[in-house]
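Following: one structure in structure tokens, then a few remarks.
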Amino acid sequence: MSPNGVEYGYNSKIEGEVVVSKLDAVINWVRKHSIWPMPMGLACCAIELMGTAGSRFDISRFGMEVMRFSPRQADCMIVAGTVTYKMAPIVRRIYDQMAGPKWVIAMGACASTGGMYRSYATMQGVDRIVPVDVYVSGCPPRPEALIDALMKLQNKIGNERSARGLLKRDQAHA
Amino acid sequence: MTKAVKEISLGDVGARAADYDEELLGDKVSLSMGPSHPATHGVLRLQLELDGDIVTKCMPVIGYLHRGDEKIAENMTYNQFVPYTDRLDYLAPLANNVAYAIAVERLANLKIPPRCEAIRVICCELARISSHLLGLGVYAMDTGALTVFMYTFTQREKLYSLFEELTGARFTTSYTRIGGVARDVPEGWLGRVNQFVNSLLPVVDEIDTLLTRNKIFLERTEGIAAISREDAIAYGLTGPNLRASGVDVDLRKDTPYSGYEQYDFEVPIGTHGDCYDRYLVRMEELRQSTRIVRQAIDKMPEGPFYAEDAKKIFAPRKDKILTSMEELIQNFMIVTEGPQMPAGEVYFEAENPKGALGFFIVSKGGGVPYRLKIRAPSFCSLCILDKIAPGHLMSDIPVILGSLDFVMGECDR
Amino acid sequence: MEEIKKQLQERFPAVESRDSVDWPAFNVPEERLLEVCRYLRDDLDYAMLVDVTAVDWSDVIPRFSVIYHLFSVSRSAYLRLAVNCADAGAPSMVSVCSIWPAANWHEREVYDMFGIQFKNHPDMRRILMWDDYPYFPLRKEFPLAGIETELPPEDTEVREATDAHVIAAPMMGGPFHATPGEPMSRAEPRAADQSWTEKNPKPLD
């Protein structure tokens, strides 16, 4: 209660147990705090990914410790390591198997651009086969960098227009 | 409203399943496991043929991480290739660095000062500890014991802090140069290594109590995938996998390099060559490695950390580059043209945590290798799979893979 | 080491010594390879085949040599054998799989990288690259950046969805060094952008 007798904010006695908000905000709030990653561990970066999940860096502070090796149960594919041409179709197929909404983090120089492996066998950047939301630099990135990427991803999800097209059944949701 | 209750009897499920057994026998199922599977430790793919739950055929498919390291090596100078060796066996990069550096130094017939050799020995053994810790943690996870993984990862993080202090990176270290190491050890680092080694032993004992006499662990590993002495040699296994089969080969003892002959340590040998023996050998190697590290710290000689007489190979000190014309030119030549090597062929194998990592270098002179072949121990460990896996249960496959302790980065190169 | 050389050359006069910095090395003619290997394994105790590889000597004749490294457990010593492939156009070599099962994968790798066919090999397929890959990457004429070709064909949907295929890797700013005798200008990273992708394709010359 402010001095001039006008009441601001939420009062459950008057409005009941109801909060009015934008649907976007609610959906995004739910989504961004429970991103279940799918660790696409391909090479060296996978070791740092394991380190991020370990006790010192503790990825579970962000609701992301639930590593799912099944793409059906995951929201965010962390491509950790060099994507070779032989592996590329498989990465894409696993991405296709993930249920939407889904995001991709390209972890490390190799996944982002091919990195130091400028050679006949290495795909120069995983963004040629899957859409990437966050790129992380480093070879390999430190766990802090990966955590920062996850926070960037949370920010990005927070700004998405999630409610658009949600009520139209026939419109496929990205 | 009345409810009708009907009792459902399941009867003897086992007997009913046994009735179907005859019909099921003989139907082979083929199963593709990987290349993205949590139990294959990387991008290994196994094409399995199953009869019920029993594996009848196991064909590993590799190459999903083939990045063309050998072709890259032909296109760059000897020092430029050091970072690529980090990423071969990315669980023990320091040991790879050392193996590669020694191979090139053998080609140049370069004598390395004792301090550099001792630093390299510490690096190798810490890398071995780090690799075995991860290997054991993941292996235990494959048998269902998750706790060990947490224990070993805590220790690995401590090791990473030490590596970071020494080299500037957590695990892509690129620490060695041809003819020396990148920089001397930081002040007080040896003391901290000693501290770490002391604190590691109780943890190893704890892992010991968690696993070694654990009934579940024993049931899952004892007698599984036994490799006979003859097979181990014929298939070219190396390292702990070979020693678990009872072959007394440790290159640190047999063809000593980097001054390993000065240190007193024992080589654990298995008797049956099964998954359990491979576990035991690695556990004992952890302890022996701490012994070597301690001795190397105690004996750490004074002196330069790089070969001073290697004029056309090791870049001069920074302060000299900035003050002396001759050293400036020397540095310029080494950076642009690479360390100048004589022509010749050299093959060197080092006892790495996963086995013998070999480098075969063909030089025609100059700063670029004409051909560089990497002999990867994991490559050889995997080729025995189609021999040992058949006859085991499908659920034994992760255990067998865990016990072989391979890394795909090195297998596919 | 001298005694091994003596024993081997007494038994097989066709075996010549080969220049080597470290371990004893021998040139073996292809037709005697299996005999020599069997003798080394059974009588001289070189029981372990640690490595098989090949070297492409580019314009020298014979062009390809297959190199074997053996290890003796009792002696703790290595030995190198080099065998030249007779034909540079369709190189081939006898397989030593019957002597050492370890040779299986090593020989497949040599075939994959150099295109050397191994006679009597139980499973002569590519191992590191995919089966339909048309080139042999470690031959000297093959560029490090690679050559444009198709992705592994097993997954047509994926290819249709992404239109991705193998593109030569960009070499600008890449590994550079001056080989002695070459002008320094050729060593410098080129400024031209070569990072071709599906969206930014390489312009036709």
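The letters A, B and C name the chains in turn, as written, and every chain counts its residues from 1.
Operating definition for what follows: a residue touches a chain if its C-beta (ideal position, glycine included) is under 8 Å from a C-beta of that chain, and two chains touch if they have at least 3 such contacts.
Quick caveat: nothing in here was measured; it's all calculated off a predicted structure.
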Query raised in the report: Among the chains, which is located farthest from subunit C on the basis of C-alpha centroids?
Result: A
Query raised in the report: Can you name the chain whose C-alpha mean lies closest to the mean of all the C-alpha atoms?
Result: B
Report summary line: Between subunit A and subunit C, the Cα-mean centres are separated in Å by 42
Report task. Quick one: report the Å distance separating subunit B from subunit C, using the average Cα coordinate of each chain. Result -> 23
**Report entry** Between subunit B and subunit A, distance of the C-alpha-averaged centres to the nearest whole Å
**Finding:** 32
Query raised in the report: What residues in subunit A touch two or more of the other chains?
Result: 86, 90, 118-122
Query raised in the report: Taking each residue of subunit B in turn, which ones touch at least two of the other chains?
Result: 63, 66, 68, 71-72
Query raised in the report: Residues of subunit C touching 2+ other chains?
Result: 128-130, 137, 142, 144, 175
Query raised in the report: Residues of subunit C touching subunit A in their complex?
Result: 128-130, 135, 137, 142-147, 151-152, 154-155, 157-159, 161-162, 164, 166-171, 174-175, 195, 197-198
Report summary line: In their shared complex, subunit B is touched by residues of subunit C numbered 19-23, 25, 47-51, 53, 55-56, 67, 69, 71, 73, 76-78, 80, 100-102, 104-105, 109, 113, 126-130, 137-138, 142, 144, 175, 177-180, 184, 187
Query raised in the report: Of all residues in subunit B, which touch subunit A in the complex?
Result: 35-38, 42-43, 63-68, 71-72, 83-84, 86-87, 90-91, 134, 150, 153-154, 156-157, 160, 170-172, 408-409
Query raised in the report: Which subunit B residues qualify as touching subunit C in the complex?
Result: 62-63, 66, 68, 70-72, 74-77, 80, 106-107, 109, 233-236, 238, 247-249, 254-255, 336-338, 344-349, 356, 358, 360, 362, 366-368, 370-371, 373, 375, 379-380, 382-383, 387, 412-413
Query - Complex contacts: residues of subunit A adjacent to subunit C - result: 85-86, 88-90, 92-93, 96, 113-114, 118-125, 128-130
